[in-house]
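Here come two complexes built around chain A, the first alongside chain B, the second alongside chain C.
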Partner chain A sequence: MKVKVVVTLKEGVLDPQGKAIQQTLVGLGFSNVDSVRQGKYFEIDVNESDEKKAKIKVEEMCKKLLANLVIENFNIL
Partner chain B sequence: MKSSVIIFPGSNCDRDMDVALKKFGFKNQMIWHNDLDFPKSDLVVLPGGFSYGDYLRCGSIAGKSKIINSVIKYAESGGLVLGICNGFQILTETGILPGILQQNKDIEFICKNVHVKINDKSNKYFKNIKKDILELHIAHNEGNYFCSNDDLKSLEDNSQIAIKYCNSKGDCNYNFNPNGALKNIAGIFNKGKNVLGMMPHPERMIDKYLSGEDGSLFFENLIGNLK
Partner chain C sequence: MKVKVVVTLKEGVLDPQGKAIQQTLVGLGFSNVDSVRQGKYFEIDVNESDEKKAKIKVEEMCKKLLANLVIENFNIL
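Right, the complex of A and B next:
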């Protein structure tokens, strides 16, 4: 089954790319964009039919590789 | 003195490091990342570059490579491990060193000479070194050091901050911070001070005609301390 994960920067962690995107959006006329935070999205095909088991595996993957918990949070969708 | 330089796919400062180590008397060997171990060494170097194309996060894939378990064991047993630039990023991804190197604050690749102030000399890398301020070269997109408040406190309390960005007179003002790094941090030690991760490249400053010689000072001093 396919498991989807979103990795985002923790609150308070500097996000220069998000800031550049926000400034560009404002420059394009979207003057009401106050802030942008950029993250990562993963679709992981796990050879496992039990959803609960698959998500436990993906959680382990997030902790070991997909996210760096110093600056990032992960959310399994 | 024997050294090993680990090569990852995408490493590009491995040969410069090999030249530098040999110039100052190390008997160096190049070790491929898929090997499980390296020969007995007095120093292991993780060189600069873009290991695995910087995919996912800089150093994250190399931090899980086959050779890395041996490097971790060696570091934990007190062996000297030096990570330069991408090597520093790899060391933080393995957890040997705390924190992470984030994208530079101005979202630009920085390639220039900088000055760094040596913050601690009670270690094999900087003990006896004649200068307090070194001019070294940096070339990176992700050198913006960041760590939690707890980790920062621990780094400061244990004097684990190795070098800080400064001006030529040693002023570590934020104005002389090229990449936004927390507290102008350019390099840190682990608790035992046998592992050093740093963004600047000493191996690029070993020729008085081409660059400068503060890298020579670093390597000469290091091998002197190991003898």
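Right, the complex of A and C next:
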């Protein structure tokens, strides 16, 4: 089954890429964009039919590889 | 209000980064990972209290800047 994960920077961690996007949007005329934060998104196809077990596996993957827990949070959708 | 967007590669478009992650996960012992696709995630804070209007704005932003519609799809959450 497919498991979807979002990895985002923790609050308080600077996000220069998001800031650049926000400034570009304002430059394009979207003047009411207050802030943009960018994160990563993963769709992981796990060969496991049990949803709960698949999500536990994906949680382990996030901790070991996909997210840097010092500065990032992950959220399994 | 905050609007969340996911931008993903269209089906059929090669995703070498996702492939590299999949191979690394297998190398780490997650042998039942069949495939990984990576996308981008944005949290956009729009100064607009009406949800519908905010989402219409964000749709425009996706078309103009955030997504390359030739190879990517976007999904406003």
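The rule we apply is simple: the second predicted complex is superposed on the first by the 77 of 77 C-alpha atoms of A that agree within 3 Å, B and C clash if a C-alpha of one lies under 4 Å from a C-alpha of the other, contacts with A are read in each partner's own complex, and residues count from 1 in each chain.
Quick note on the criterion: a contact is a pair of C-beta atoms (placed from the backbone, for glycine too) under 8 Å apart; a residue touches a chain by one contact, two chains touch by 3 or more.
This is a predicted model, so every value here is computed, not measured.
In the superposition on chain A, A:Leu14 contacts chain B only, with no contact to chain C.
Once the two complexes are laid over each other on the shared chain, residue contacts for A:Leu66 go to chain B and to chain C alike.
Of the two partner chains, neither chain B nor chain C is touched by A:Val26. Comparing chain C and chain B on the residues of chain A they touch gives the larger count to C. Of the two partner chains, chain C is the only one touched by A:Val6; chain B is not.
Contact with chain C, but none with chain B, is seen for A:Arg37 once the two complexes are overlaid on the shared chain.
In the superposed model, A:Glu48 lies in contact with chain C only, and not with chain B.
64-66 are the residues of chain A that lie in the contact sets of both chain B and chain C, per the superposition on chain A. Those residues of chain A that touch chain B in the shared complex are 13-14, 16-17, 20, 64-66, 68, 70-71. Here chain B touches chain A in the complex through residues 56-57, 60, 64, 92-93, 98-100, 102-107, 144, 146-148, 180, going by the rule given at the top.
Within the complex formed with chain A, the residues of chain C that make contact are 6-8, 18, 21, 24-25, 28, 30, 32-48, 57, 60-61, 64-66.
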